[in-house]
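Chain nomenclature is as follows: A, B, C and D, assigned in order of appearance, with residue numbering initiated at 1 for each chain independently.
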Amino acid sequence: MTNSINEIEHSQVILVSGSNTVKTHPQVARRIFDAVDSGASLIVIDPRRSPLARHADVHLSIRSGSDIPLLNGMMRVILDENLADDAFVEMRTENYHALRDMLYRLDMDEIVALTGVSLDKISRAAKLYARAQNSVVCYCLGITQHICGTDNVQAIANLAMLTGNVEKENTGVDPLRGQNNVQGACDMGALPGVFPGYQSVADPEVRHRFERAWQVSLPKTAGLTVTEMTHAASDNPIKGMFVMGENPMLSDPALGLVRESFANLEFLAVADIFLSETAAVADVVFPAATFAEKEGTFTNTERRVQLVRQAIAPVGESRSDLDIITALSEKLGYPMPYASAAEVMEEIALLTPIYAGIFYDRLAPWGLQWPCFDREHGGTPFLHKYNFARGKGRFVPTSHKPPSEPTDAEYPFVLITGRSYHQYHTGTMSRKTPVFNRECPEGLLEIHPLDAKTYNIRAREMVRLSSRRGSIKVKVTLTKTVNPGSLFTTFHFAEAAVNELTVAARDPQAKCPELKVCAAKIEKLET
Amino acid sequence: MKTISKVLKKDHLKSLLRKLAKDRQLVAPVRNSYGDTLFTEIEALDGVEIDLDNQAQSSLKSFLFPQQQVLFEYSTDQGSAPVYKAIDSDGPTVFFGLRSCDLAAILYMDVIFLKEVKDPYYRQKRENNILISIGCNEPFSNCFCRQTKSGPFMEYGFDLQLTDLGDRFFVETGRAQGEEIIQQWAHFFSPASKEDEKAQYQMRLEAQGNFKRQVLVDLAIRKLKDDLVPEEVWSKLSSRCQDCGGCAYICPTCTCFTINDRKISTDSGERIRTWDACTFAGFTTMAGGHNPVDMKQNRMKRRFMHKLYYDVKSHNRTSCVGCGRCVDMCFGGVDIIKFINMVGQGEI
Amino acid sequence: MRNILTTCVYCGCGCGLYLHEENGRVVGASPSKNHPVSRSNLCVKGWHAHEFIHDSSRLTQPLIRKNGVLTSSGWDEALTYTAKAFRKIIDKTEGTGIGVLASAKCTNEENYLIQKLARAVFKTNNVDHCARL
Amino acid sequence: MNNIYLPNSAIIKEVIDENEQIKTFVTVFRDEMFNRSFTYEPGQFMMVSIPGLGEAPISISSTPTRPGALHLSVRKAGSLTNAMHQLQAGDYLGLRGPYGRPFPLDIMGKDLLFVAGGIGLAPLCSVINYCLDQSGSHGKKIILYGSRRPSDIAFQSDITAWQKHSNVTCLLTVDQEEPGWSGSVGLVTSLLHNIDLNCDKSAALVCGPPVMIPPVLQQLKKNGFTDENIWTTMERYMKCGVGMCGHCHMEGEMVCVDGPVFNKAELNSLKLET
C-alpha cells in the first residue's frame, strides 16, 4: 500500500476493486465502514455482490476480466465532464497525450457491452471519484490475477494520476497484500529477479555489493517464477526443490501440471508445520516451528515491519525455518553463524536501502514503515509524498484484453476463485481450528438461483464442476452474490480442489496466474 | 453485615498488596510497555505500573472463565474403558483494581455458573478469591454503567471497595474477607473521619453526573419487551457485522462456550472448552445442517434480546454492564450503544 | 499466565495480538488496544490464531522417505541427506536445476536467509513465493 | 466436588439396528453401584461422548420402570453419530446425565395420544412403555407413527408389543410405499383425521422432525386439543446439557434445562412459531 491503513478512514471516496475486503482484510473494511459512517462515498468494482458491495454507493458488477474497459470508461467520463486535475497532470506526470488520445477514441457503447455495466453507473462512479478532495483506491487479487493484471494496475494508476489522487495523505493507490508477510517476502528478495529491497540481480553494481557481503560469486540472470517452476511438468529444468512453508500442490493453478512437475523432481525437501499436500510428496520433511515459537519480523500490507515474539519453545523437535536454513547451509559448506534473528536483520539493514534504518531495538512498540533509510529516519506512512519513485508519473494507455479462456457452449460459466473468511489459503493452519471448521467446513460453489433452476439443482446438492483441465465434486449454494453465468468457489479444500480446474495462463510481465477467470461447466450428479 | 469504613493512604497501597500477595496470586491492571492496560498476574510488584487511570482493555472474565480451558484428559486403551482425568485449577487469587462493571459482571457469571448445577471449574476459580474493586469517579469514554445499574460504584459483591480521594483511598468492606483484611493488616488503615465520609459521598454523587454518553437502556428494554423494534434495525445492524465474535469475547458477561476434543496421541487427548459467540452461524447449526437461527439478523436480534431483555426477565438484570468495551472495537460500527440509540431515537 | 505481544500470522493487515502462555502452552489470543492496526479488536482468525499451534498433527520430527514411505529420522541425518541431494544437483546443473520456494508466511529474516541460500549456496535465482496466488 | 463434565463409562451390551439410519444402543454403566442407583424420567436425554470426537445429546428410549439397561437411540447425522454407528457390543461410551425436563407424569391418568415421526419415537417409547408399566395408567392410548418408507419403521419390537396391547391403538403410516406394504400411506397428520378420543380431556405428546411439528399441532387443535394438553419436544444444538453453554438458548429458555419437553401453551408465550 502507498498509504497506511488508518488513512483510509479519512478519505472522502473509496474505490475498492477486486477485493472481498470484509472477508480478507477485515481491518481495512473496518476503516472503510468508519469512513462511510463519517460521510465518505464507496465505489465497489466486483463481479460479485460481495458484503462490501452491498454497502456501496455505486456497485459496478462487471464481467470478470473487463476492468480495463471499465476504468477507461470512467476516465473518459472524467475528461468529458472536465474533472481531470489539470495542474497535477501538467506538473507531475508525463505521456498524458497518449492516454487522452486513446480515451477520445473509445466507443462507450462497446465499453458497456464489454463490462455489462450501464453508462449511468460508470458515469456516477467516475464523477464521485473525481470530484472528491481525496480519493483512495484499494485493489487486490481481483485486479492482478488476470492475464492482463499488469495493465489492470496501470489503468488504476492512470485513473488516480488523472485526478491527482496520489502523492497526498489520504489519497493513493493501495494494493492490499494478502498473506501476513507477502510484503516482507517480496521486500526480502524472495523473487527471481531482485535482491532484498527490489535491487535487480542483473545490476552489476548491486550484485557486487552482495558478493562482497556474502563472499561468494552470484548468478547474473533472473531465475524462474513459481509457476514456471511448478508448471514445467515433464520438461522441468528444475531437478530439486526446497519449499519452505508453502503448499503449491493446492494453491497453484492447474494442479495437474503441478503434480506432474513435482513427480518429475529428483529431490524435494519441504519445511512446514504440518504435513501439507506438498510435504506429503517430499523426500525430506523438516518440522518447522510456528510464529509463536520464534523471533522475527513480518511486514504488513502498509509496509509496517513488526516484531514476532516467541511465546513458547518449539513444539517437539521442530525448529524455526531460520534454524533449518542455517543448519542446511552449514552442511553445504557455507556456514551462516547468526546468534539471533536480530542479527540477520542487521545484515538486511546493511544491504537493503529501504530497510537501512530497521533495527530490532527500534521496532517496539509498533514497528516502522519502510522506506526507512537510517537510524534517525522515522519511517514512511505514505509513499510518493514528494515524488514518484521514478520521477514523474507516466501514463501508459491500456486496452482490453479478453480472458485467456472464453466461455463457449460446452463450458458456459465463468468460474471465479477466491477465499472465505473462516479459512485461510490452503487451510494448513485454519483447518486445525475447530471453530473455523464448524463455520466453514467445506468448499461451496456459489451459483445464481436462475442458473440452478436451469440445471434443476437444489441448494446443498453435490454437483460435478469441470473445466478443460479437470473436474471436482462440490456442494452448491444458491446466492445472488454471483451474477447469472458466473460461479464462485474457494480453493481452501483439498477434497474439492478448484485449482484442478484453473488455467495455467498468466500475465506476461507479473507472471500472475489468471485465477479469476476460467470457463467451466456444471453437471448434476445422479443420486 | 455492617459496612466498615477506613482510609488507606495511596503511599501504602503497594505495601498492602505485597502483603496480600504473599499467599495468593495477585492480579491487577498493569500498563505495559506498549501502553496497553491489561489485568496481569503480578510476579514481582517492583517495577510494575499498576494503572488505575485507564480502563483495562479486557475484564476479569478470562481469569474465571478462560478463553480456552482443558476440562479433562482422556486416555483410551484398546479394549478397556476410557479413563477421564479432571484437571485441577489454580489456587486463591486477589483481584485488585477491578471496576464496578467488572464486579457486576462477576456477579452475573455467578448466576450462570453457580446455579443449582455448578460449574466445577468456575467455582474453583471463584472460591477463595478476594475482590478489591475501585469505584469510578470519572467514567471512561464509552461507559454507561449508570444506565445498566452496575456502577459507577457498587453496593455489594466486593470484599473491599475503594474510592479515590486524591492522596488516599476511602475503603469500604463488603464481604467477610474484606473485614478480615482490615483486621489482619489494621496498621495500614486509619479510621475514616467525618470529612472522609463526606468527601466520599460527594465523589459518588459527582460521578453520577460525569458520564459522557447518554445511553437510554431502559427505553431499549421497554421497546424490546413490547416488540417495538422494527426488523429493519436488525437487518441494518447485521449487514455490517463482520462475524469477528469480538463483542462476545470481550464482553465481561458473555459466557457462551463450545466444547471440542483435541487428540494428543491416537489413544489420548483432552476435552477443551473454548469461548464461543452467538453471532456465529455455526453456534446453532445442528448435525445434519438445520439451523433454527439461520439468518444473521436473527442472531443479532437474539444477542441484544439476551443482553437487554431475556436476562431482565429471568434474572432481573441486564447482562450488559455498561463497560463500553465492545463499542470502539466493532468492525462494522454496530455495537450495543449504536443499537440502543437507534432504538431510542427511532432512527433506522 | 504471560501475555506476549506479537504479530498475527494470518493476513496482511498485520494486527498486533497478545498470545497467552501458560505452562509452556499457548492458551489464548487477544487484541492490543493501542496497536495502530488492531485498535482493540481482531477478526475471528486472530482471536483463534493460537489454536493450530498445539494440534496433534504438528510435525515434530524430521522425515525421510525410505522405501517410498516418510519415516521419522534425526535432524543430523535429514540435514546431511538433504545437503547431499542438493549438492549432487548443484554440481550437475550449476545451480540452474534447483528451485526454491520461500514463504509469505515466514519471517523477513527467514525469507532473507532462504534467498541467500538459493543465490549464494545453490547458485540460482530460481527463488520465488506465492505472492501472486 | 462433583464434576458435571466428566462422563461415566458405560458398556454397550447390544446394538439394535432399527433401520438404515437409526441404531439403539443398550448400555450399562461400568460401575455397578452407579448403575443401580441411576434413575431418570421419560423425555430426558443423555450427553453421549466418544473420546476424541466429542459429545451429543441423545434421547433415552428405555423406561425407568424397566431398570438395568439404558437404551439410547441414535440417528446418523454428524461425525459423532456416524462414529457411534460403527460401535459394537462390548465397546464403551461415555455418558453424563440424565438431563432436561421430562414429560409431566401427572398426565398419565388421561387418555393419551402419541404422534411421532422417525427418530422422534425414541423419547415417546420411553413414556409409552412407562405408562403401560404403571398400574395407575388405565386411560386409552393411541400411537400414530410416521416413517419415510416401510423399511424405515424403527422400534419394531415395541410396536409389535403395543399392537398386542388391549389398551393401545397403534397406527403406522409411510410417506413412500414399498412392495408388501398394505398399511396407510401419507403424512402422519392424515392419521389424525379420525381418531377415537375425547380430545378436550386427553393429552397429546408429539415428537418428530422440525417439518412435522407445525402441521401436527394445527391438526391437533382442529381435533379439539387445548394447548395446555399438547406436549412436544424441541431439538437444538447443545454442548453442556446443564444450561450454561448457551447453544440451545431459545427465546430466553434453555432447551437443555427448561426443555426439551415443552407445553404448547408455553411455546405460545415464547412467541415461537410452531
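The rule is short, and it goes like this: a residue touches a chain if its C-beta (ideal position, glycine included) is under 8 Å from a C-beta of that chain, and two chains touch if they have at least 3 such contacts.
Keep in mind the model is a prediction, meaning the values are calculated, not measured.
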| item | value |
| --- | --- |
| Which two chains share the largest set of C-beta contact pairs | A-C |
| Geometric centre distance via CA averages, chain D-chain C, whole Å | 51 |
| Averaged-CA centre spacing for the pair chain B and chain A, given as whole angstrom | 40 |
| Distance from chain C to chain A - Cα centre to Cα centre, in angstrom | 19 |
| Per-residue multi-chain contacts in chain D, two or more chains | none |
| Per-residue overlap in chain A, given as positions that touch at least 2 other chains | 26-27, 30, 365-366, 421, 434-435, 439 |
| Residues of chain C engaged with two or more neighbouring chains | 2, 5, 16, 34-35, 39, 41, 43-44, 50-51, 54-55 |
| All touching chain pairs, where touch follows the definition stated at the start | A-B, A-C, B-C, B-D |
| Sites on chain B touched by chain A in the complex | 33-35, 239-240, 242-244, 258, 260, 274, 276, 280-282, 285, 289, 331-333 |
| Interface residues, chain B side, partner chain D - complex | 71-72, 74-76, 81-82, 84, 86, 112-113, 115, 117-120, 123-124, 227, 255-261, 263, 269, 271, 276, 278, 283-288, 290, 292, 302, 305-306, 309-310, 313-314 |
| Complex contact set, residues of chain D against chain B | 1-7, 9, 11, 30, 49, 51-56, 77-81, 92, 94, 210, 235-237, 239-240, 242-247, 249-252, 271 |
| Footprint of chain B on chain C - complex, ascending | 1-3, 5, 16, 18, 20, 27-35, 39-44, 47, 50-51, 54-56 |
| Sites on chain C touched by chain A in the complex | 2, 4-16, 19, 21, 24-26, 34-39, 41, 43-45, 48, 50-55, 57-65, 70, 75, 78-83, 85-89, 92-93, 95-133 |
